[in-house]
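Think of it as A, B, C, D and E in the order they're written, each chain with its own count starting at 1.
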Amino acid sequence: MTPESAFDSAALDNLLAAPLVLAIMLPLLGSALTTALPRLAPLLGTLIAVGTAGAAIWTTVAVWTRGPIHLVLGGWDPSLAIALRADGMAAALVLMANLVGLAISVYALGYFRAPDRAQSFWPLWLLLWAALNGLFLAGDLFNLYVMLELLGLAAAALGALTGSRDAITANLRYLLVGLVASLTYLFGVALLYTAYGTLDIGLLSSAIAADEPSPLDAAALTLMVAGLAMKSALFPLHFWLPPAHASAPAPVSAALSALVVKAAFYLILRLWLDLFEPILDLSASMLLGLLGAGAVLWGSWQALRAERLKLLAAYSTVAQIGYLFLFFPLLAATPPGPSRDNLLAALLLMALTHGFAKAGFFMAAGLVQTNAGHDRIDDLGGTAQRLPATTFAIALAGSALIGLPPSGSFIGKWLLMQGAIETGQWWWVVVGTLGTLLSAAYIFRVLSRAFGLEPTPIKFVTDARAEVPALMLSLVSVAVLGLASGPLWTLLGLNASGGGA
Amino acid sequence: MGAQFLFGGVGVVLFVLGLWSFLVHAPLLRKVIALNIMGSGVFHVLIAVAYRGDTAPPDPVPHALVLTGIVVAVSATALALTFGGRLMDMDKDGTDDA
Amino acid sequence: MTTLLILFDVLLLGTLLALAFAAVLSVEPRRAVMLFIAFGLWLSLVWARMQAPDVALAEAAIGAGLGGALMLAAARRAARVRRSEANGSTMP
Amino acid sequence: MNNSLATLLPGLIVLSSMVPGAMIFLVREESHLLRTVLNLFGAVLKLLLVGVMVWAVWQGNELESRLVIAPGLELVLHADALSVLFATLSTVLWLITTIYAIGYLEHSPNRSRFFGFFSLCVSATVGIALAGNLLTFVIFYEILTLATYPLVAHRGTPEATRGAKIYLAYTLTGGLLLLVGAVWLRTLTGPVDFVEGGVLSGMPPELHGQLIAIFALLLAGLGVKAAIVPLHGWLPQSMVAPAPVSSLLHAVAVVKAGAFGIVRVVYDVYGVTFASELGLLAVLSVLASVTIVYGSLMAMTQDGLKTRLAYSTVSQVSYIALGASLLGPVATIGGLVHLVHQGIMKITLFFCAGNYAETLGVHKVSQMDGVGRRMPWTTLAFTVGALGMIGIPPIAGFVSKWYLGLGAVEAEQHWVLLILAASTMLNAGYFLPILYRAWFRPLPEAWPKEHVFDTRFETMGALLWPPVITAVLCLVAGLLAAAPFSPLEWAQLIAKREYGL
Amino acid sequence: MTKDPGRSGADARNDAAAAARAAERDRDLSLLLAVLLTLIGIALLGIYWLALNEAEGPRLADLALGLVPRTGVDNPVTAVLLNYRAYDTLMELAVLLAALLGIWSLGPAPAGFQRSGRALAAMVSWVVPLLILAAGYMLWVGGYAPGGAFQAGALLGAAGVIVRLAGDPSAGLPGEHAQRALSVLGVLVFALVGLALLWLGDGFLTYPPSLAKWLILLIESAATLAIGVALAAAYVGGRPATAPASTLASGKAGARTEPTGEGN
C-alpha cells in the first residue's frame, strides 16, 4: 500500500489500528512511566492495566464485528514495512491474556506490599505484557524475534524477582535457553529471507505455497519450530520450566505459565498453519503429537510426584502444553470442513482454558504459600481449610486442568477425542485418558488436604484483593468457557454448522 | 553469489560452533561467549545475504536487522552476566538473599 | 585481481574462524574474553569489507566493545572469586 | 402450556437448587438461620417446579431447555416420563433429607461448605434425570462426582479422606470410560438426543461390533456408580460420610444415577429390542444377578449397620438393571418402579441408622439389642423399610419384586425367578435378625454414647420425622400402587411409551 | 565448593576418580555432540546454498533503496531502522530497558569495585569529552552516512565504562531519578511520537514526509541518550542507590561497597 492509496481510507484505517496499537503501546508507555516514577508505580500500573485490557477488548470487538484486521505500519509497501494483524485466533488469545493480565495486576497490588518489590515488578510486568500483545498481534517474522527476546528477558527478570538463589539459578537457565531458542528461530528467519526476500508472514505464506516444497522450507520450519518448542517447553525440552516457574513470585508464575509459554505455542501454531501448511505431511505432525503425548504423561507423572504446590503446578503446565500438541496430527489428518474447524476451535479452547485456570491456580497457590509460609503439599492441611475461597479457586482451576465438565477443557477434550476417533488415531484417546487420570490424581492429592479437623473458617473470603481475582479466573475457566464456547467459533470465523460425522 | 556463499557459510559454521560450545561448556561466561558467537553467525549470514558485490549497494534491510540483533544480544549478555555475578556473590558469602 | 581478492577474503574469514575457535576453546576466562573481543573487532572488519559499515561500527562499539567490557568485568570477578577460594579467604 | 415456560422449566429446576447452593458457600458459618432459609427455599421451590413439570408431562407436553455450548454440542434438558420419575424422587427426598441434615449437623463444623455441596449434588442429580442427550448426561454425571467428593470427605478424619479417595478413584475412572464411550458413539452417529424407543436400531450391521464395544464402555462407566460387581468397591468404603449424605447420596443420588443411566442407555439410546438383538441384555442380566446375590451375601457378614445397608444397596440397585435387562414391558415396570421404591425404603433405613448413631451411639448390629424399646418410632420406621426390602406385602418392595417376577416369566427367563427367590431369602437373612434384636432382646445397661435431647420424643424432631414420613411413603406406595400418579402408574406410563404401546 | 577439612584421603581419592570418570563422560558427550552438530552444519550449509539459489534477486534492496528519498534521511540503514521498520527499533529499545530493569531488580550494584591507576584517571579527562563529542557527531552523521543512534549511544556508554574504570563507581551517571528518567527517554519519546501521529491521523509511526527528518532526529537524540545511559548503567550492574543507603543495602552490602559518593 502506498501512502497515496492509503489516504482516502486513512481515517478508517486509523480507527481500526488504534486498538491494536494501544494494546501494545499502552503497557510499553506504562513501563516507561513506572520506571521513571517508581513511587507511583502501583497506581500507574493499575491504570495502565485497565487501559490495556480495554484496548484488548476493543481489539476483540473490532475483529468480531469486522473480521480480521491487517495493518501495515508506516504506510510503506507491505513487504518492506512491519504489519500488525489480528484475526480471530489472535483476538481470542489477546482477550484471554489481557483479562488474565488484569487479574494478575490486581492480585499483584496485594502481593507486592514492600515498595521495593513493587517498584521492580511493575515496569517489568508491563514490558512483559507489551511483548505478549506484540507477539499475538505481530505479522512479521523478525518483529516476532524482537518480541520473543523482549518476552524472554522480561520473563527471566521477573522470575528472579525474589532474589533467592534457586530463583536466580533457574531463571538464568531459562534466560540462556530462551536465547538459544530465539537465535535458532532467527536462523530459520534468515533462511526464509534469503530464499523469499520478505519477512511478512502473509507474503511469505503465498510465496511458499507458490513454490514446490523444498528442503529449504523444511529446514527453516525445523529451526523455527525447534526454537519455539524450546520456549514453549515441549517435552523433552521442558527441563527449564518447572524450577523457573516454581521459584518465581506467584503473580509472575501465573503470567509465565498461563501466558508466556502459551505465546510460544501460539507462534508454532501460526507458523504451522499460516506458513508451512502446504509443505507439511503427516509425519511431521505425528512427531509433534508424540512429543505432546510424552509431555502429557511425563508432566502429569512428575506433577503427581512433586512435593511442592508450585512445582506441581509447573509440571502440570508441561503436561497441558502437551495436550495442545496432540492436535497437530489430528489437524493434519482432517480435511478442511466442520470437523477440522471443531478441532481448531477445541485447540484454542483448551489453550484459553488453561490460561485462565493455570493463572488462577498459581495465584491461589501463592496465597496458600504466603499464608502457610511454605507450599509443601503434605503439610498444607490447616491452611487449605482456613482459606475456603482460595481452596475453592484451586478446586475450580483444578477441575479445568483435569478437564472435568463443565470446564472449557472438557469440551476441548471431547472434541479432541472425537477427532482422534474420526481420523482413526485412537491412540491419542488412550493418552488423553491416562493424562486425565493422572491429572485428577495430582489435583485431588492437593484438594484432599482441605478436609481436616482444623477449626472451621468463619468467612468464605478472607483477603478479597488477592482471592477474588484468583476465584474469578478459575470461574471463567470452568463456567464461562465450558458452557458458552460457541462465540469462539464465531470469533474464529469458522463455519458454525458443526456436527461430527 | 559465490562470495555470498563463502561469507554466509562462515556464518553457518559460527552458528554451529557457538551452539556446540553452549551445549558442552558449563561455566556461565563460556556459555555467554558461545551465545554471542552463535548470534554473530546468524548476523553474518544476514550480512552476507545483503552483500551484492562490491559495486551494487547492499540491501539495507538485513543490516538494520543485524543492528537490532546486536543491541538485543548485548542486552541479554548484560542481564545474564548480572545474574551470574549475583550467584557468585551468594557463593562467596555462603548466604541466600531470599 | 579477483583471485587475489578471494585469497584476501579467505584469509580474512580464516582468521575470523580461528579467533572464534580460540575464544570458544579457551578455558581461562580472561583469555577467552580477550579472544572474543578480538573476534568481535575482526568481525566488524569483515563486515566493513562486506559493505556494511553501519553494522561494523555498531558491532565494534556495542558487540565487541561494551559486550566485551561486560564480559571482562565478569571474568575479573570470576578470577577474584577463584583466587579468594584458593587463598581460603572470603575477602579479596 | 406457555411456550417460554416450557423451554425454561427444566433449566429452572436445575438452577433452583444450584443458585441457593452457590449462595450458601458465601454464608458466614454462624448464620444458621440464613442458611436454613436458603436451603428450604431451594428445596420447596424445586418441589413446586417439579410439581408443575409432572403435571405438564402427564398432559403430554414437551418440556425442553437447550443451551448451545459449541456448534454441534448442546446442553439439553428434556422432561419425559422417565426423567420426571427420577427428578420427582430426588426432589421429594431432598426436601426431607435437608430437614434431617439440618437437625443432624446442628453443632458440627463447616456447615456452609456441607450444605453448599449438598445443594450442588441435588442439582447434578436432577440434571442427570433431565439430561436430554449423552453429552448433558456425562456433564452432570461428572459434576455429581465432584460435588459428592467433599461430602464424603466432610468429616476430615483419615478414614473419611481415605474413603473419599477410593470413591473418587472409582467414579472418575468410570466417568472417563463413559466419556470415551459417549464420544465414540457420537463419532458414529453425530449428535444424539435420547429418544423413547432408542435411536441406534437403524445402524448398518458392520458397525454392530463397535456398538457392542461402546456399550461395554458405557456400562463400565455407569456400572461404577450403580455399584455393579466388580465395580462396587467404593460404596462400603464411602459409608464414612455423615448419615444424611449416606441416606440421600448412596441410597438415592449416586447409585441411582448409575442405574438410571443404564436404563437410559438401554431404552433411549440403543432401544431395548435392538440391545436384545445385539446380545447386550443377556450380559447385563447376568451381571445384575451376580450383583444381587453377591451384595446380599456380603451384607449377611457385616456387623456395621451402615455397611450392611451399603451392601444391601449394592444388591437392591441391581434390581433396576435387572428389570432393564429383561425384554418386555412388565420387567421394565418392575425395574423402574424399584428405582423409586428402593429409594424411599433405603433412605428410611439410613435415616434410622443415623438416628441410632446420633442418639445412642449405636453403630453396629451387635449393639442394637432393645433399641426398639428405647426408640419405638424410629424402629417402627426401620421395620417398615426392612420388611419392604424383603418384599413383604403390602409394602412398596413387594410391588417391585412382583413385577420383576412377572417380567421374567414374560421374557421366558425363568432362572431369574430363582435369583429373586434367593435374594428374598438372603434379604430376610440379614434384616430379620436386626428386627429381632431391636424388638425382642433386652435393653443393655448403658448405650455406647447416649445423647439426651430436650424434647418429649425419643430424639430430636428434625431427626425423627423424616424417617417416619418416608416409612409412611413406603406403605402408601405399596397400598395405593394402583392410584393415579403412584410410582407404579408412572412406570407403566414410561413402559408404554418405551415400547410404543 | 568448599572442602570439608575432616574428610579422609580415601574420600578425596574416590572423588578424584569420580571426577575423572565424569570428565571422560563429558568428553565423550562433547565429541558426540561435535559430530552431530558438524553433520547439522553441513546440512545447513547445503540448505543455505539452496536458499541462495532459490532467489538470486535483489530481495528488498531495490525497493528499500528506491524509497529512501521519501524517508527523511539519506542513509538507507537509518531509513530502515527509523522509518520502514521503526516499530522494531522501538521494541529493541524496550529490550534494552528490560535488561536494565532486570539488572536493577536484583538490588544495588555488587561490591568489588577497584579504583584504577593514576594514568587512566588522567586519560579520562580528555578521552571522555572526546567520546561524547564523537557520539554527537555520530548521531548527526547517521542521517546520511554510517552512524546513528545506536553507535552514538554505544560511544556514550563507552564513556561511562571508562569513567567507571577510572574510579567513579557510578560510571559518571546522574542520580537515581535522572537515571531512571533518561533510561526510558528513548522508549517514551519514540512511543509518544508514534501515538501522536496516530492521533493526528497519519497512522502509527507514519511520519509525514515534511516532518520525517526532524521527527527522526528527535527520536534518535532521545534514543542515543537512553542507550548511552542504559549501557553504562548495565555496566555498573545494579540499581542506583538513593542516598542515604536504602533499607535493602544494609550491613552486608555496605560492608563490601567502598564508601563512595554513589549517585554522584
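Following the convention adopted for this analysis, contacts are C-beta pairs under 8 Å (C-beta built on N, C-alpha and C of every residue); 3 or more make two chains touch, one makes a residue touch a chain.
This one's a predicted model, so the numbers in the text were calculated from it and none came from an experiment.
Looking at chain C and chain E, the chains that touch each of them are B. Any chain bridging chain A and chain E, meaning touching each of them, is among B; the list is complete.
If each chain is reduced to the average of its C-alpha atoms, the one that sits nearest the average of all protein C-alpha atoms is A. Centroid analysis (C-alpha atoms only) places C farthest from chain D. One finds 11 Å separating the Cα centroids of chain B and chain C. Between chain B and chain D the centroid-to-centroid distance comes to 68 Å (mean Cα coordinates, whole Å). In terms of their C-alpha centroids, the spacing between chain A and chain D amounts to 43 Å. Chain C and chain D have centres, each the mean of its CA atoms, that are 78 Å apart. Of all residues in chain E, those that touch two or more other chains are 1-2, 44, 48, 52, 58-60, 64, 77, 84-85, 88, 92, 95, 98-99, 102, 106-107, 150, 231, 234-235, 237. Multi-chain contact residues of chain C, defined as those touching 2 or more other chains: 54-55, 58, 62, 66, 70, 73, 77. Counting partners per residue, chain A has 80, 142, 146, 149, 153, 156-157, 160, 163, 168, 187, 193-194 as the residues that reach two or more other chains.
Annotation, chain-chain contacts: A-B, A-D, A-E, B-C, B-E, C-E (touch as defined at the top).
Here chain B touches chain C in the complex through residues 3, 6-7, 10, 13-14, 17-18, 20-21, 25, 27-30, 32-34, 36-37, 40, 43-44, 47-48, 50-52, 54, 57-58, 63, 66-67, 70-71, 73-74, 77-78, 81, 84-85, 88, 91-93, going by the rule given at the top. Those residues of chain E that touch chain C in the complex are listed here as 1-2, 75, 77-78, 112, 138, 146-148, 150-151, 154-155, 157-158, 161, 231, 234-235, 237. Residues 338, 341-342, 345, 349, 385, 388, 392, 399, 404-406, 410-411, 413-415, 417-418, 421-422, 429, 433, 436-437, 440, 444, 447-448, 451-461, 482-486, 488-489, 494, 496-501 of chain A are the ones that touch chain D when the two sit in their complex. Residue ranges of chain A in contact with chain B, taken from their complex: 80, 142, 145-146, 149, 152-153, 156-157, 160, 162-165, 167-169, 171-172, 175-176, 179-180, 183, 186-187, 190, 193-194.
Listed in rising order, the residues of chain E touching chain A in the complex are 43-44, 46-48, 50-52, 54-55, 57-60, 63-64, 67, 83-88, 90-92, 94-95, 97-99, 101-102, 104-107, 180-181, 183-184, 187-188, 191-192, 194-195, 198, 201-207, 246-248.
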